[in-house]
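Take a look at these structures.
After this come two complexes, each holding chain A, first together with chain B and then together with chain C.
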Partner chain A sequence: MNSERSGQAAVGPARVAQGAQVSASATGPASDGSATTLGAQAPSNRKGEIELRDVSVWYRKSATSEMVHAVSDVNIRIQPGRFVSLVGPSGCGKTSLMMVLAGLVPLTSGSATIGGEPVTGPRPRSTGIVFQDPSLLPWRTALDNVALPLEVAKVNKKERTERARQVLDLVGLSRNWQSYPNELSGGMRQRVALARGLVTNPDVLLMDEPFAALDEQSRDEMGAELLRVWERLNTTVVFITHSLSEAIFLSDEVIALTGSAPGRAGDHIEIPFSRPRDLSLMARPDFAEIRGRLYAALRPAAQVPGGGAGADGARPS
Partner chain B sequence: MRRSVTSSRFYAPTLQWSVVAVVIALWALFTETGVVSENVLPKVGDTAVAAGRILTSQDGLHNLGISGLEVLGAFILSTPLAIVLGYLLSELEQRRRRAGAFVQMLLSAAIGTPKFVFMPILIVIVGVNYWQKIIYAPIEGLLVMIVATAAGTYAVEGRVKAMCKAVGMGRFRFLWRVYFPAMLPLLVEALRLNVILIISGVMLAELYISSAGIGFLIHNWSTVNDVPNVFAGIVIVATITIIINALLHRLEKRLSKWRIDA
Partner chain C sequence: MTATVAVDSEGLVARRKKTVYDWKFVLLVVGSAAFVGVLWYILAAARVLDRLILPTPAAVWQAGRETWDNVLTQVGTTLLELVVALLIAWVGGLAIALTLVSTKALRPLLGTLRSIYAVPHVIIYPLMTLWFGFGTESKVIFGAFVGMIFMALMSASALMAVDQSMVRLFRSVGASRTLTIRKGILPGCLPGIFAGIRLSASITYICVVLGEMLASTGGIGYYITNAAALFITPQIYVGVITVLTLIGGLHVLITIVERSLLRHNGVNP
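So, the complex of A and B:
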């Protein structure tokens, strides 16, 4: 996995593909017409492959019963084992797309597939989810929270305890497995949530602004920790964030969503930095250059009347 | 930290017992010095003797047992019903906002109405017997428990529901593994209130019109001006209520440990 990533990650200028059609497939066409090879040494199976085709999502706001057009005609293809971030202003439909992939919100039109299979509902064995809030059950210990998906999957107690402890160890919480959420710091709780997302060894891990509630230092540290964990796994990660720096630091590719209710997939930017990465990367001029490009790619969205705060940040419930 | 926790554990019961001791001391002072007439407030010793007699006599224990069974019957009748109705109310509020708000409005009106005024109607329907008390007693607590149960369901936030759905949790498992534990501290709190309200309801019904029970005895003693027995009955009922309340409060605190933020 590491060799695969470092192999595709020669430092160089970011490649920016324009247009709403976004493709990050191994051999899929970029919108500039050229055949691209992104992450060319992808795993041969399609287990972690994600494809959204012409996806539109409408949902009804629970407070007002008003229909909201969250995203429109989104096309995204992510090959297995990649770390891809979605960035964009509030209300551009990032969370809606994640909920679609999680099987928690139905598509209005288009298709969504993971590993070549259509997403028609939650797929707990193959898709892990980490929300902005850790969403831990406060009456359960860290271990029991992490083991929850295995418990639901009726894995026997011995095995689920063993696996939960392994994952807690992986996220650096080997000493806190018996702690209750109220005994853990915000960062530790988020690590527990990450461990819960990883405990089923999913093909795809969906992360919706998981570090947004943390202070900047903890956020950076958690980002580095996430990379350390991810580099040991063969999991496709879809990471939603508002932070451009975070997205660039973590990802193989960043997809900019533009517009607001409905949002659309805009540019995608290939991140050329080698792995493993450390936080000093953020101080490099080429990092700043990519950040500038990404900012420019998002800027039209910020100029949309009502953009940013569009749809008053409403999310599908 | 450990020291302060230990101190508070020590001081809380000490303070409670001190208050009891002060009340008894003042009671003794007023009655022994003749400041208050024995026709209004009996001597502590006389009351204690009367209480001992009630707790050892067949008649006293029989009537206490009847009141206890009525409380238990009312509790068993009302609690599961209140939990189910509270859950259904919360579901209604989430799915049909207006209908839920309407039911909430009816409940608020019912809670604000003195239920005792309906006692004559109840007596006309079921007569003067156990059922009159068992039906009347839980009405007050039932309404409070319905509201508390409905409020308890809101302890489970939407994001937790989404997480549970995402990990593949089914509806029944969600109810049992998530809703129930999340609601449990609130439920025990509501149960505690419910028991107190049921005891009050049973006492009220027995004092009003009844043919048995400790409330019935207290009422009879009061009509013949047997003040020591009246006070002994009151002390027994108050002590039992305080003990039940304290035990449920302890259980509630134990179940609520995880609710206290670090």
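So, the complex of A and C:
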């Protein structure tokens, strides 16, 4: 998919520094000049900005009633319109952080804001979510699944159908809008879930390992497809993944979470590759070099050449 | 009665046209009925058993024609009792299940319901006749009571097995609790609820006919008991065939509704 794309710039240490500056200047994704009406308006200054300050999360396991310290003192700041991945081992609190941002899990201490407003509960109008499991309702067609957030928001049927068709078209499912989930492949179901996440034209899209259940090839293709869609929008994306390659390929910045119950925010690594990107990027030596740095950052005690030690504690971006 | 599959040009989408019954299923039912009929005819013709015990199909047909008006009247009584009892059982059972599952403090009552259900139902019928008489009311209340407990237990199981990721999805899009139940949990539980509807229909029907047979003034059960008391064997067979036809028809109706509501399932009953 998108294999005709080209134009990656040569990357070295100087480019890394430049990438870091871009990160700080709240610049959105590179425009290819073909933005659709979806999300066409420019974000206001803080719209889509995410800030986690001294965040700690404890929760009670429903099965055993045991208290679990999921994350501790996490500080993360994400500029509007950026694509940021959170990577880390199982149990490091990636999903807990996403649930906090989604307003589905309360904070134990610290603060979480989106667009400068504290997150106190789900904000479906401004935050779209794509879960690891597509969570499609099997009795609804692709169109009706996508339109669900608008239906809950009491948008009239004509408008929500039109909007859902637009987003399905955007994710490449214009022909399958009448299909039920059991008639779609795994990748197509995840596209429907992506369309549902985007249907309210959110400022922030939270994605929790959305392609984890797909085979490697489908996963790479879905990643490229996601970038194609995102490059038309002004949405800030927080993408959770186990795959370092996926994180590097997709993101402007990758945040390594270290430790386990509680997890902590470690290194923030700027990804300097220009956009649009294509899958051949993964074969480049500089891609492998960044992957090596990221891998080292996930090992807390390791010395990381050129990237600093895996930090103990938080480091705001 | 056929199922067809269409694959789109990408080869990724297979759409199955659903029908109420697969033709193989219909063939199996019709074939089984024909087999039993032929076997019955051969056994009766060969006089393996006394004609008084096993009359010929022709004698049963004759008995049916002679008492046709009476059969129709009794079927009308049974159907009236059944429909009222089923409506109470289904609606009441679902309401009980929703209340018990959604209120944690009341959930232990599900165990009480299971215990009540384990008691042989028929022992309460004499009390029903004492309280409500020999007429329609005692059959309706007996059938509705037993059916409602079963419907509540089945629906509660379906509700408690609901996919939590779906509930999380509804929360994430800002849906209220009522909307989550109406648009998510109930449709998601429909296969389980329909299993409850189907099985409680059978149990309610058994209770209604049993009630008519034990103590009543009308209904198809009364027709059978009356024929047995007078030793008019062909009429007993007419009654039995009528009872089987009614339950078969009820199941076909439930299947039609189920198939139209669960089109996404793609599974034949």
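The definition used in the following text is that the second predicted complex is superposed on the first by the 257 of 317 C-alpha atoms of A that agree within 3 Å, B and C clash if a C-alpha of one lies under 4 Å from a C-alpha of the other, contacts with A are read in each partner's own complex, and residues count from 1 in each chain.
The criterion applied here is as follows: contacts are C-beta pairs under 8 Å (C-beta built on N, C-alpha and C of every residue); 3 or more make two chains touch, one makes a residue touch a chain.
If you're wondering where the values come from, they're calculated on a predicted model, not measured in any experiment.
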**OP:** Based on the superposed arrangement around chain A, label chain B with chain C as either clash or fit.
**Re:** clash
Subject >> Touched partner set for A:D133, first chain B, second chain C, both or neither >> reply: both
Original post:
Who does A:R175 touch here: chain B (first), chain C (second), both, or neither?
Top reply: second
Original post:
In the superposed arrangement, does A:S274 touch chain B (first), chain C (second), both or neither?
Top reply: neither
Original post:
In the superposed arrangement, which partner chain does A:P124 touch: chain B (first), chain C (second), both, or neither?
Top reply: both
**OP:** Have a look at where A:M188 lands relative to chain B and chain C in the superposition and call it first, second, both or neither.
**Re:** second
Original post:
When the two structures are overlaid on chain A, which partner does A:S111 contact: first (chain B), second (chain C), both, or neither?
Top reply: neither
Original post:
Now for A:Q217: first (chain B), second (chain C), both, or neither, which partner does it touch?
Top reply: neither
**OP:** Classify the contacts of A:N156 with the two partner chains as first (chain B alone), second (chain C alone), both, or neither.
**Re:** neither
Original post:
Do chain B and chain C land on any of the same chain A residues, and which?
Top reply: 102-104, 122, 124-125, 129, 131, 133, 135, 137-139, 148-149, 152-153, 180-184
Original post:
Touching chain A in the complex: which residues of chain B?
Top reply: 157-160, 162-163, 165-169, 173, 178, 181-182, 257-262
Original post:
In their complex, what parts of chain C are in touch with chain A?
Top reply: 8, 12-15, 165-166, 168-175, 179, 183-184, 187-188, 190, 262-266
Original post:
Which residues, counting only chain A, touch chain C once they are in their complex?
Top reply: 102-104, 122-125, 129, 131, 133, 135, 137-140, 148-149, 151-153, 175-176, 179-185, 188
Subject >> Touching residues (chain side chain A, partner chain B) in the complex >> reply: 99, 102-104, 122, 124-125, 127, 129, 131, 133, 135, 137-139, 148-149, 152-153, 180-184, 196, 317
